[in-house]
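Here's a structure for you.
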Amino acid sequence: MELVFVILIGVLYAGGIFMLLRRSMVRLLIGIALLGNGANLLIFLLGGITKGKPPVIGDAARVFTDIYADPIPQALILTAIVISFGLQAFAIVLLKRVYVLVNSDDLDDLNTPEEEDI
Amino acid sequence: MTDIIIGILCTLGALTILIAAVGILRMPDFYLRLSVTVKAATLGGGLLLSAAAVYFTDEVSVTTKALAIIFFLILTGPVAAHLIGRTAYVIGTEQWKGTIRDDLTGMYHKDSTEPGSGENAEENGGHEVPPAS
Amino acid sequence: MTSNAVVLPFIVHLFTAILLLFFWRKTVAQRIISVMGSTLALTVAIGLFSSVWNDGILTMQAAGWAAPFGISFVADVFSSSMVLLTSFSGLAVAVYSATGISRGRMLFGYFPMFHFLLMGLNGAYLTGDIFNLYVWFEVIIIASFVLMSLGGRKAQIEGSVKYMAMNILASTFFLTGIGILYGITGSLNIADLSLKVGAMENRKLVDMTAIFFIVGFGIKSAVFPLYFWLPSSYHTPPSAVAAIFGGLLTKVGIYALFRIFTLIFVPDDFLSNLLIVLAVLTVLTGTFGAVIKNNIRRLLSYLIVCHIGFMVGGLGMYSEVALAGALFYLFHDMMVKTNIFLIAGLIRKLRGTMNMDKIGGLYAEYPLLSLLMAVVLFSLVGIPPLSGFWPKIYLFEAGFMDHHYALVAAIIIGSFATLYVIAKMWAKVFWKSQPEGIAGVEDGFRPMSNFRRSLLVGPIVFLAAITLFIGLGAEHIVTVVNHIVREMKDTSPYIQAVLEMHVSP
Amino acid sequence: MKSTILKTASSYLLPILLLFSIFILLRGHYLPGGGFVGGLIASIAFVLHSFTHDTEATLQLLRIHPRALIPVGLGVSALSMFVPFLGGLPVMTGLWFDEPVPVIGLIGSALVFDLGVYLVVIGVVLTVLFTISQYSE
Amino acid sequence: MTLSGYIDYVILPILGLSLLLTFVRLFKGPNIVDRVIALDLLITVGVSVITVYSISTQESTFIDVGMILALIAFLGTIAFSYYLEKRGRK
Amino acid sequence: MLIAVLSGLLFSLLYIPFGKYLKGRLAVVAALLPIGLFAYFCSFIPAVSAGNAQVFQYPWIPSMGVNLDFRLDGLSLLFSLLITGIGSLIFLYASAYLKGHPYLGRFYAYLCLFMAAMLGVVLSDNVLLLFVFWELTSISSFFLIGFNNDDAASRKNSLMALAVTGGGGFLLMGGLVLMGHLSGTYSIREMFASNEFLKAHALYPLILALVFMGAFTKSAQFPFHFWLPGAMKAPTPVSAYLHSATMVKAGIYLLARLYPVLGGTDWWTYPLIVVGGITMLYSAFHSIFRTDLKGILAYSTISALGILVFLIGIGTTQALLAAAVFILVHALYKASLFLTTGVIDHETGTRDVTKLSGLRLVLMPLAVAGLLAGLSSAGLPYTFGFIGKDLIYEATLNTGGAMPVILTSLAVITNILLLYAGLLAGLKPFTGSLPSSFADIHLPHWLMWTPPVLLALLGIAFGAFPALADTALLNPAAAAMINESIDSPLKIWHGFNLVLLLSGTTLVLGAVLYLMRKPSAASVTWMARFDHISPKHIMGRTVQYAAKSAAVYTKTLHNGYLRVYLLCIILFAIGLLAFRLFTGGPVQWTINELGPVTSYELIVAGILIGAMYLTVTTPSRLAAIAAIGVIGYCICLLFVFYSAPDLAMTQFTIDTLTVVLFVLVLFKLPPFLNFANRSVRIRDGVVATCFGAIISLIAIQVLNEPTDKTVSQYYGDNAYLLAKGKNVVNVILVDFRGMDTMFEIVVLSIAAIGVYSLLKLRLRASDKD
Amino acid sequence: MAKQFLMNLLLAFIWVALTGALYYSNFLFGFGVGFFLMWVMNRGGTDDRYFTRVPKVIGFFLYFVYEMVKANIQVAYDVITPKYFMKPGIVKYPMNAKTDFEINMLSTVISLTPGTLIIDVSEDRKVLYIHVMYLRDKEQFIRQIKDGFERRLLEVIR
């Protein structure tokens, strides 16, 4: 399965980058989301993946008796997911403001010429 | 013995879900797809969750959860279906050419998403012909 | 040595910010709390610096888990100096904000954001854990997004979008780098990573990991060709915000570069040359931009880029002298850039614009204020004996020592351009008489009460005094800087302090 | 959205989801869950409510503006992090009551910390969503 | 064949196939509402997959994930309806 | 000695608050400082001429080797006396010249600063300390030249002066640091020891190039001379001070000072002779095409500076002695001429030499001063100028090889032209008939006419009695340049020889030229025709071109298109990663240990890829959002399969919320843009694919490395025993790595508050910040 | 009625406590035993609604499952065979259900049986609009629902 993960990660990064390079801000935000997912999956994979053994100590046990998945990447990803949610929420609202200002989500409308500086 | 019960429940559930999946793919219009999938998925999911409830009888909480999920599915599935179905109708999603009756035609005012009262509906009468949109 | 005090610099800001959130919509209380919080933070920072200076590296293992199992916080001379300088800037900007920020912004969380930002900066300096550093960086960028866009004017939003997109991309690179690092070492503690990465046999993989950090931190510190967000955005927010951004934000990227590239990835030829090439291009790019800009803050934005090149170049050369020069420049730059953006804000207060063609006559009208500003401006240029001069000696020396003539040339060009641009600005803004008939230009400063004026000018004086100290008392700075360079060149005390074990150098 | 069916359904769902969210919060230390997911579920409950009624109604139901919930949650977490400091221990050190409390289990600073997380998440999600939906209206 | 084997080699593939078919509908559309219900079904099937997987691995913790999915999937559909109706009314 | 330098700085500071009291007569008080300092330096004459250099040392930044090391030897003393002596007169003169000027206090502040900086330059025994003061002279002269800052030309010229001298300054700094680095010390005195090493070093030419650039720019050598005539925009006392004795001579001083360390090689000699020669000739020639008195003086000053560089280039003892003498000669007569010009300008309101005549009738004492200074510059016997000229010819004649002929003829031509210029400035305004418009002019305040007279008289005095200065001042000065003692008294009369012949020729030809040629506006216009090939214009155009290029560069690179910026960043990353990936070692393409693949996992992966395809290609925003929803759910399923229930829960809830957020925000957005044409999409697709492929390859490399699991093992072992939790992930989140979580919720909070403020805050126009 | 239900629950809990085994099956068994005992003790009593209601609930549930399975098979057949047998349409259905809860239950039940789906409720809450897959005759369909689900459902919940 590692190889499948490797491919998926590549696809997520590639898709994210492609969307990042679009002119529409919605696509840009989607690109950001995709990259975030890619990075999470990368951490997940590189930390080592284990199937069907969540890092939860059994009811009666006090320590693990069996192998278990590495909990650290999971904790890291959890943090990263939540953080990127915060960033994305803000970014999405920024999109809203952009729309109110320029009436489109075209990033090329966001180039006020320097002469208008105050 | 339990294993066999579980096996049967699983098989039935999986097949039901497969039918839902085939249904959503095959049905000719949105309303039919919706109609097929909501219940088949609920039934299929319910069967599989029952299997889990049986499997984990030793862990009370798990069985409770399995039952709770069934409950949620039953509670939310139809509501969601109703909403999206109505929305689809409001925004004018096409019906299959084989549709034979549409009592909702003209029920939505321009500025409202609720159909007029039943009395008004009576006056307007039903339409045998599907709306072309 | 273990000490709980290590975490205080950011804890103070955390609680200040939370307290400020409880005083939502009470602007007077917010101003007072903010200034008090910043003062407390400065006190704590001074205390931390002096105890680190006297007693050596201090560590704190969060929740009591020994490194590398928990998150370590480490105060060495480098980090505690950064904390100290940040606190200076922080206090100055807090006071300046009291009148420099409009009430509208204060009603919508300006001060809490400001303290969250400072908290993030302090956390980033003090953490000894690479993933925790990521979290701090995220605190910093989200707080800066908010500060940058707060108010929602069109230019601000435009700047924010670009700023946001590129900074999030930077975070992605950073996070990817962390994932790889964990994948090859199984650890996140920087001291532990230092040992483990150092022992890695697959140097190619190490280099590639390093590239992710170069790109990630490079974007944050605005290195060519990753700098684009900076000139796109720094001219948009309120001046107090721009001051913190200009003075501190890119510098935390530089700090991270120095940390990571002295502790985890020690530059080999490939990385070293790469950094130097980037530095040269950064300086030149900043120079070209600064020369042609006519808006004070746009011009200053390019100067930031230009001067980032000096520091990155110093890191790239990696000799002791070079590091010392880069660090000295870093310290100088933090103070001066903060101040210079405050000054830009004051100019805007005085004239209602930052377009140099529309401003004039400040020298005739406000001679003392102008001279005060001149001191800062010429410190920025590095007119000896002001603060920007001394580090260049080290940088030149290092450049000659290792034959990096292109870098030396770039620094000369950059310095010259800075001189020219600042002198031009002086001539236009201060000497030239106020052009007639410019619409919408009004003096917002004169009608103020003396108290409010002093809140604007006081911080500038305060920072200018620190700058003068850095310049005239350069010996002190040099001592500190050389101490830091020793820390960087021999990391075993750091590792030993964090891992509480003996490490042979 | 005006829908009788949805409205009725959501009035059952709100308490169920809230109950569930507390359940998820409390057991986080032993089984999957915790403050984050708990908070997310709780906020989803309110979001659902706001979809069916309107934002104002949900705000009334909440009594406190979600934005004001943020500093409360942050304060709870920050204090649970900081209290050990006052006792000379490293920040974040887990402090536990010796005896487990029935139903909830062991009570310690970790749980308080998670509670803060829970509150913050609710405050955050609701602030974001309500602000947006009020803006569109 | 053990129960676990039966699930792994028969039930899960069937469910996987269902996922795939549902996704095809999502991919094809043609209307956004079709995509929305496909998404909803995808999640419901996902709940089933998770349930069955938890039986196969004898890990009851996964059921909790299924529970959250079942509870929340609803929200997405409602949001889409909300949006589409508002836009439709415009 | 530190006090001597610092007092200027101190007074300069004091003038900021107290300057406004310096009005009217009181202004004379300001001159007390330079007078006092002059006296102070005079007191060192006996000791220094006896060969005892005065040394003062005080540590400043010992770690960098920068210390307050001052050293007063002959050269420094000569300059110090010039600086303070002429300074005294300038201070006095200015008190009358700028009487009633509103910014007189400010003027004195700059002047004091400048004087202190100049003293610092000539007294420093540490190259870096010298450089500190060097730059201070640039800055303070910037303020002085731009003193009349309402005038656009004044601003422009001061900026130009600063740009040229400042730019040279940075190069000089490079040279000085390099010198210091190679010789291991920044002390000039200690560098003497390593002069052989330096001269033999491969970097010696670089040092010279850098130092020369500093000196040439400061001392207005061709082709950097053009800032100096521009600097004449300054008030006349400033011009007199800066261009006679001080600022422009700093470069000369530097060359002289470093001669013992760097001088005497071919690398030293030829550049200086060539540059000095061109400068002296070029400017002398230029000076005769001016009609503005100050212009004439400016060009003749440049020419004189050229002569000095030329002499230092020749570098023989004679040449250096000649240089020392000429420094003094030039300072005296040029200051006098400038001050005279100042009075003329002040009284008549014009400096146009074609309009000025007959002023002797109204400004008699100045006519005397002008005459004497003019004669001194002409080098008439019994003037100090005569001695100077003699020495120059002697020096040029005594160089070896074919050089003497060329060099001497250069010197002669230059001197002829300079003579003409001197007469034009000193004589022309006073001779002839007085125009009626000047009839009611009367002599100004005595403080304005005594200084030029005094300076001119000094010129005569030294000329008549060279012993006044030779052993006391000039020999020690030259000695300092060659770092050996000299005892060579100056003589008025050398007997009939070639030198005398040359002097005579110079005099005669110069006089003839003066009598034959009348300055006219026409000649100025004629000269202006060559402006476009003048260095000033070439440099101006270069600067313009550079600015234009900078603008093009900046606009091209920083073009406002976010996607281009992002593309740059990504291409950069791809380039670096690919370079490192494919160089220096094998790339692994397969993973050693692979877990099994099951059908349902493959299906989930397939759906993910399909959803990605949909996201990327769909023209509908909502479809794209539904598709990223699917991607999130697929990842959620993968998390379930691979033992991460917590992650799956969070991923799912957050994914749903994100979809909800998107959906809420998308209201009213216009149709999805798809402006990019096919080729752009292909380009981006290729870039994106490359990036994805590189990430995948790196992942494979990492998977082939063994992973250390100590830390996660520790967590697993202690989660329950020490941290009392069984869900290890949650224990990590709230305990082991709780600090991450603490600040992660801060991130969330900030985002929420940001959203709130972004949408609710409406700034009013009155909200200015 | 509620009192009786609570009593029954209490008896079930006591049973669980007595046997000391907290299993679902055990709880259900306890509930059944309790119900039987209460029924026995209440024989001849006036208020026997509780004892009829419980069988009705069970009956409704079985009816529902039966209908669902039946209709599911019908739909499944249609789905997996190539030809479409459907005659879909949207039917206006006047309901007897009054309260929100009743309407909700009714619509849930209708929606969950294959072939029918609630699209909307009229503003005055008197009419349901039902999408029907196999609509042969409108009146027959309405009668079928009225006598089937709606009657049984209202019996259970009213």
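In this document, chain identifiers A, B, C, D, E, F and G correspond to the written order of the chains, with residue numbering beginning at 1 in each.
Just so we're on the same page, a contact is a pair of C-beta atoms (placed from the backbone, for glycine too) under 8 Å apart; a residue touches a chain by one contact, two chains touch by 3 or more.
Note that this is a predicted model, so its numbers are computed, not measured.
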Partner chains that chain C and chain G have in common: D
Maximum centroid distance from chain F, chain identifier (CA atoms): G
A-D or A-C - the one linked by more C-beta pairs in contact: A-C
Between chain B and chain G, centroid-to-centroid distance (C-alpha), Å: 17
Length of the line joining the C-alpha centres of chain C and chain F, rounded to whole Å: 26
Centroid distance [mean C-alpha coordinates] between chain F and chain A, Å: 49
Rounded Å distance, chain C centre to chain D centre (Cα mean): 36
Sites on chain B at which at least two other chains make contact: 22, 34, 42, 72, 75-79, 81-83, 86, 113-114
For chain A, residues that touch 2 or more chains besides their own: 16, 20, 28, 38, 42, 45-48, 51-54, 56, 72, 78-79, 82-83, 86-87, 89-90, 93-94, 96-97, 107, 110-111
Residue list for chain C, restricted to those that touch at least two other chains: 14, 21, 62-63, 131, 135, 138, 142, 145-146, 149, 152, 161-162, 165, 169, 176, 180, 183-184, 188, 352
Contacting chain pairs - touch in the sense defined above: A-C, A-D, A-E, A-F, B-D, B-E, B-G, C-D, C-F, D-E, D-F, D-G, E-F
Chain A-touching residues of chain D, taken from the complex the two chains share: 30-32, 36, 124, 128, 131-132, 135
Chain A residues touching chain E - in the complex, by the definition given at the top: 51-54, 56
Footprint of chain B on chain G - complex, ascending: 22-25, 68, 71-72, 75-76, 79-80, 84, 86-92, 94, 107-108, 110-120, 122-124, 126-127, 129, 131, 133, 135, 138
Residue ranges of chain D touching chain B (in the complex, touch as defined): 1-3, 5-6, 9, 12-13, 16
Chain D partner contacts - residues on chain F that touch it in the complex: 645-646, 649-650, 653-654, 656-657, 660-661, 664-665, 667, 723-727, 729-731, 733-735, 738-739, 741-742, 745-746, 748-749, 751-753, 755-756, 759-760
